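Okay, so chain A shows up in both of these, paired with chain B first and chain C after.
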Partner chain A sequence: MKFRIFRSAEDQTGSGPVDPTETPRMGGQLLPEATATSKAKATEEPRAYEASDLPGPTVVDSPPVGPIKIAARDVSVFYEGKQALYDVSLDIPDKTVTALIGPSGCGKSTFLRTMNRMNDTISGAKVTGRIAMDGEDINDRSIDPVLLRARVGMVFQRPNPFPKSIYENVAYGPKIHGLVSAKSEMDGVVESALKRAGLWDEVADRLQSSAMGLSGGQQQRLVIARAIAVNPEVILMDEPCSALDPIATARIEELIDELRERFCIVIVTHSMAQAARVSQRTAFFHMGRLVETGDTEDIFQNPRERRTLDYITGRFG
Partner chain B sequence: MIWIYLLFLVALGAAAFLGGRELARRRAVGAKPHSRPGQHGAYALIWVAAPALLVLILLSVFATPLERQLTAAGTPEAVAALEPFRRDAFFADAHRVGRGEPALQIWERPLAEQLPVEARRMVSIERTLQWGGGLGAILAALIGGLFAFSQIKPQTRARNRVEGWVYGALFVCSAIAVLTTLGIIASLAFDSLRFFQKVPVFEFLFGTQWSPQIAIRADQVGSTGAFGAVPLFAGTLLIMLIAMCVAAPIGLLSAIYLSEYAGRTTRAVIKPLLEILAGVPTVVYGFFAALTVGPILRVFFNEIGLFLIGGPLDGLGQYLALVQNQMALTAGAVMGIMLIPFVSSLSDDILNAVPQSLRDGSFAMGATKSETVKRVLLPAALPGIAGALLLAVSRAIGETMIVTMAAGLAANLTFNPLDTVTTVTVQIVTLLTGDQEFNSAKTLSAFGLGLTLFLATLVLNIVAHRIVQTYREQYD
Partner chain C sequence: MTDATPDQIDGAAAKGRLDRLRAGLKRRHAKEARFKWFGRLAIAAAMVFLAVLLVRIVEQGHTAFYTHTVTVPVYMDPARIDRAYPQGSNFEQLAAEQQLARWGIQDDAAGTASSQMKALFSSELKFVAADLVAKRSDVIGETVPLAVPLSDDADLYLKGEISQSTPQDQRRINDRQIAWLERMQAEGVVGSHFNTALFTNGDSTQPELAGVLGAVVGSALMLMVTALIAIPLGVGAAIWLEEFAPKNKLTDIIEVNINNLAAVPSIVYGLLGLALFINWMHLPRASPIVGGLVLALMALPTLVIATRSALKAVPPSIREAALAMGASKTQTVFSHVLPLAMPGVMTGAIISMAHALGETAPLLLIGMVSFVPGVPHAIDQPVGALPSLIYIWENASERAFHERTAAAIIVLLVFMIIMNAAAIILRRRFERRW
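Moving on, here comes the complex of A and B:
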């Protein structure tokens, strides 16, 4: 089924009965199923969720199809002794977009950063549990985080190109990892990375001008090009569109859809519409715990957990 | 005497404040006042204090000339007939007698009788002025206060008027700083002009001979003096270069360590220590240079020289064996040590201003810390660091004490760091200390040097601040 998130004005004014199999409605509207339940519970006191009354790792989630790229088991993260993530176990399939959703401070970005060991750069951060990439524990002492990060690229919330030329930005990774030796080879790498990031046509004639002169959306695509220039296996994206306008967002989303064919992509997003549009798998985090995970369609249409339903229907978060 | 007036004025001010506030409260009854009673009180206080202060300032400026005028007006004939300097001496004695002290001189007949009379007249003039001034101040305060009280109405915008006075007072304070600077520049420029009337600018800027001694008798050797400042500029430049060779790399690397590598606890220890180093008075660095570093370097080079004598490098050995304590290297090296905290603390700030997102971006690409520093942070921070180094250069040029104590006084035109050299600042010190004749080219040359130095550091500072500024705006 094709996923439609925003209904047209016609749909909204239409008085016909709502088809229960219809796309869930976003933007504060309630899901069809949710309407019934929320009416029934309208008299109930609204209550805050406490970490203590949350269950542990949830019931059987629907397993992903296809080969697993990253398998996380009982991953906990502590910042200066304060626990930010509780026993997260999650399988991330290859050549798929997995979306991590949840309210602010729920631990989704923290979990994302465990996968390329970026938490190592924060003093006082401690990660426990096992994260296996292709069956290999990435927290093992034999794994060099520097080399790991060449295999697991990352795109941040705000575009962060280096204050260098566009060319230098893309060439940065190949240069420090010594992937290419000749200048002509580097030109090829830069060109293909920019092409795959959908930026080549816009910057081909000004590769030597500063990356700071690009628009926000272009900068974010440049950062994606920079990440794919080293041919990573996984790309982590931490709210990549939160600083962009809708048009730039749409371009990045298209790009993510294209990149899915070659990379394993994990994306943290605050926009449930975005999660629904770009991802095939979704994991919902709340208060540092993984609440529910499954195929995106299932999560949005038939969430098994009450909290998931409340979140995707906009009742909290 | 004046304290009594001041005390009285303070009391008057306090009364004005309290009275104004109370009056404003009463008059506000039934109306919707624009300002709060306290603001009316403050307004009244200002109108009491400002006119009184104005009168007191005028009095302190004009009291002396006024007193002189009054004294001269009633001078008895016998005194008026005296020569000017004897007349001044007589009045000075009259003052002393008036204060109850014995006269310094013994005055002859007609004057001796006049002395107590005049003394009494002096005292009365002084009294009159003091009372007059004090009463004037109080009168001004009262008039101001009455005016302010007449203004206390519900619709008066006392709040805004007080704000206006605050603005004015703050403006005057900052204007004083700026005007003082302008005054310094003007006095430098004025005296330099007098110097350049005696010595042509061209000769000063491009002459290679510096010997400001001017003989007392015309037939003495070296009677003309030479004012070519090039050896001084060269010495300043040499010492500055040596200092920067020490300060730039060590300061920069320690800044990189502090901002990128050091843990929180290490940083908490090292940063204050560096700042203590920055607070050491330069005289202390001067001791250190003259008494510790200088002898160590001399012994070191002398030993090398003794070792080389008789060998193939005999000439060099002869030279090194005779190296003195005072040399450019000592002063430069110690000055460099002095500048390390300056450079490192500025560079540390600049590196910290580079957004964390750039570091994250680089780490996420699989770059190590040193690769990130070398390829991302330093290029990004380069303009700011260049600005910091320029600021350090301008401090090195203006530094006086270390060079005075450790570099020597001989104005040699050399770039040999083992030679004694002298700098612009050292020459200014030697030219102006002790008894000096303020009209000779020798003394005036200090102002020429001062002006040159001032212009050089001014340009450096402006350039450096401009660079640092544009760099800061880059990320905002």
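Moving on, here comes the complex of A and C:
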């Protein structure tokens, strides 16, 4: 587990460096809330901002390096006519963890759900704009959402394993997509998915028992194993740790860091500390708009937008 | 903080606040205790009513579960039996006269004594004797003991249902017959035993021969038709409405109408069945197919509503999980949502089936109140059903049918208990799959 607690923006305004060791810890894990509150006491000294303080479509963007996996252009989402997302354009690089941060209701989860077309399942939801995965428009008529979701896996806020056995949970994806035929091959797929999710040692002797008997953190890792069992290209995570305790959170973050080498990961998180720890790229959303995006280090150290600074220093949100 | 006064005021205010809280707390606890007692009273009242009902039924019906048989020696008089057509011989008269002769009782010219004696035996005697002669013609000329049920009135007297203290003209069995009965009992030819006829026979005009088997089979056939039609249709409709149907005006109207249909009186379904299945489609009247169709129509709305609420109760996270894994809508519904909703669906199905089983009003309109002897074995033949049998027996003039009505009610209740038990077992099995 790497700790990437960056010097935050207030450092430059003269309040002195924030020593990460002074923040409350639990199980070697930084408490995200505690970090946020300590930052809230930052100085009120104004500084010059490069971008407008007013809410608007202005996006401060520093483009990522490396190949782009998903390119969103002018994506807007409407729920029963009410607009939830305004013209979001964002490049998501491959083999990288991209964090979507922002206050509640800012549209970050909505944006996440456009990438595997989960908004299709909500009646009255409409998505406009273009989202291209490897250059191919995923909202195109020729793209079957079923196939898309085999390529883009998703992990939800609350662990939601199927009320079946641990084995069946992991085997479900490969089974319905017909990726594996022989039983022995399936055993191998299940084992490697569970190993990659760091759950194998805990459940190897009870694969046939109910997934509902696992703890919350184990369930969430099982859900991750279930998602990676089909070898997706992208994994979307919607606040995967918000229902977990700090120790379980640490394990998931560790796991995310390992998975980054194979997958393109997009994670929505409420915890800025978590975004700082696990992501390389960060996008800040506010009131349905993408405000600022860039390398995580830059966003946390040098936010160019006032709202970004206010948010990451805990002045709102 | 240096000034003492605010502190004192604060202290007084805090004390006042605490007192108010305490007073309120007392009231809140009293309210809770009161509500608990109302609950207990309601349950107790329900239990009392249930107990009264059950005690009354069992008290009235338990005597129907045993009956009396008399064994009479009958000399198969060759002079009075037609070998070619034994069914035409008057075996009852023969047995009665021989019984009187054995006891040395002189009959009068009108045959009063023999007809009174005859009235003690069930008319079953004729059939038992005729069957025997038809099977073994060598019994003619010999004396054979025949075991036959006592007639319903004699049986009732022995069960203590007819009291000798009732004036003779107000009972169906007179003092002389009672004396004879007691003499037979003293001779040890009358035996009491479990009333198997009640469970092996169909309906009959003779109470001692009447049984519920015909009605049980009729009800079972009808219920089978109902289940085969209503469960797939109802569950299918509910799944479509809940999981697949677009939410628009049309589906709203359908939903409102289903809720309304659940409240339509069952007799209206009977009329519909009469008009639709019998008058228009010309399906056989009083048959399990028509009964089952009518009950299926009646059960459908309940089933749809129960299934929909069971589906609604499945957490959306399961649907999301399956969809996000790339399961199609159908895969999501049938391999994740429906199994989780299954216990609720089963409960709905069983409640609607139990309701259908006990339903009487629609059956009256499709001709199921007619007297149907024997046991049915096809779904297009006229049958009786348990509730209509209860209705018929309750209206019968013979007193012996009264205890049998109660017995039929017990059978109906046991039928329902068995169905519900089966449902609970099935539900457990579904639930055990997590």
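As a working rule, the second predicted complex is superposed on the first by the 258 of 317 C-alpha atoms of A that agree within 3 Å, B and C clash if a C-alpha of one lies under 4 Å from a C-alpha of the other, contacts with A are read in each partner's own complex, and residues count from 1 in each chain.
Following the convention adopted for this analysis, contacts are C-beta pairs under 8 Å (C-beta built on N, C-alpha and C of every residue); 3 or more make two chains touch, one makes a residue touch a chain.
Model, not experiment: these values are computed from the prediction.
Colleague: Consider chain A as the common anchor and indicate whether chain B and chain C clash or fit when overlaid.
Modeller: By the criteria stated at the top, chain C and chain B clash after superposition.
Colleague: Touching A:164, do we find chain B (first), chain C (second), both, or neither?
Modeller: The answer is both, since A:164 touches chain B and chain C.
Colleague: Given the touch rule stated above, what does A:156 touch, chain B (first), chain C (second), both, or neither?
Modeller: both
Colleague: Please work out whether A:114 is in contact with chain B alone, chain C alone, both, or neither, and reply first, second, both or neither.
Modeller: Touch partners of A:114: none, neither chain B nor chain C.
Colleague: Once the structures are superposed on A, label A:279 by its partner contacts, choosing first (chain B), second (chain C), both or neither.
Modeller: After superposing on A, A:279 lies clear of both chain B and chain C.
Colleague: Considering only the touch criterion stated at the top, classify A:223 as touching first (chain B), second (chain C), both, or neither.
Modeller: Both: A:223 reaches chain B and chain C.
Colleague: A:210 contacts which: chain B (first), chain C (second), both, neither?
Modeller: Touch status of A:210: second partner only.
Colleague: After superposition on chain A, which segment of chain C among 2-10, 164-172, 182-190 or 308-316 overlaps with chain B?
Modeller: 308-316
Colleague: Which chain A residues contact chain B in one complex and chain C in the other?
Modeller: Common interface on chain A, chain B vs chain C: 116, 118, 121, 123, 146-150, 153-154, 156, 158, 160-164, 172-173, 176-177, 212, 223, 226-227, 230.
Colleague: So in the complex, the part of chain A that touches chain B is made up of which residues?
Modeller: 116, 118, 121, 123, 146-150, 153-154, 156, 158, 160-164, 172-173, 175-177, 212, 223, 226-227, 230
Colleague: What part of chain A is in contact with chain C in the complex they form?
Modeller: Against chain C, chain A makes touches at 116, 118, 121, 123, 146-150, 153-154, 156, 158, 160-165, 172-173, 176-177, 210-212, 223, 226-227, 230.
Colleague: For a test of understanding, state which residues of chain C touch chain A in their complex under the given definition.
Modeller: On the chain C side, the touching residues are 246-247, 315, 317-328, 331, 336, 340, 433-434.
Colleague: Under the touch definition given earlier, write down the residues of chain B that touch chain A in their complex.
Modeller: 263-264, 355, 357-368, 371, 375-376, 379-380, 474
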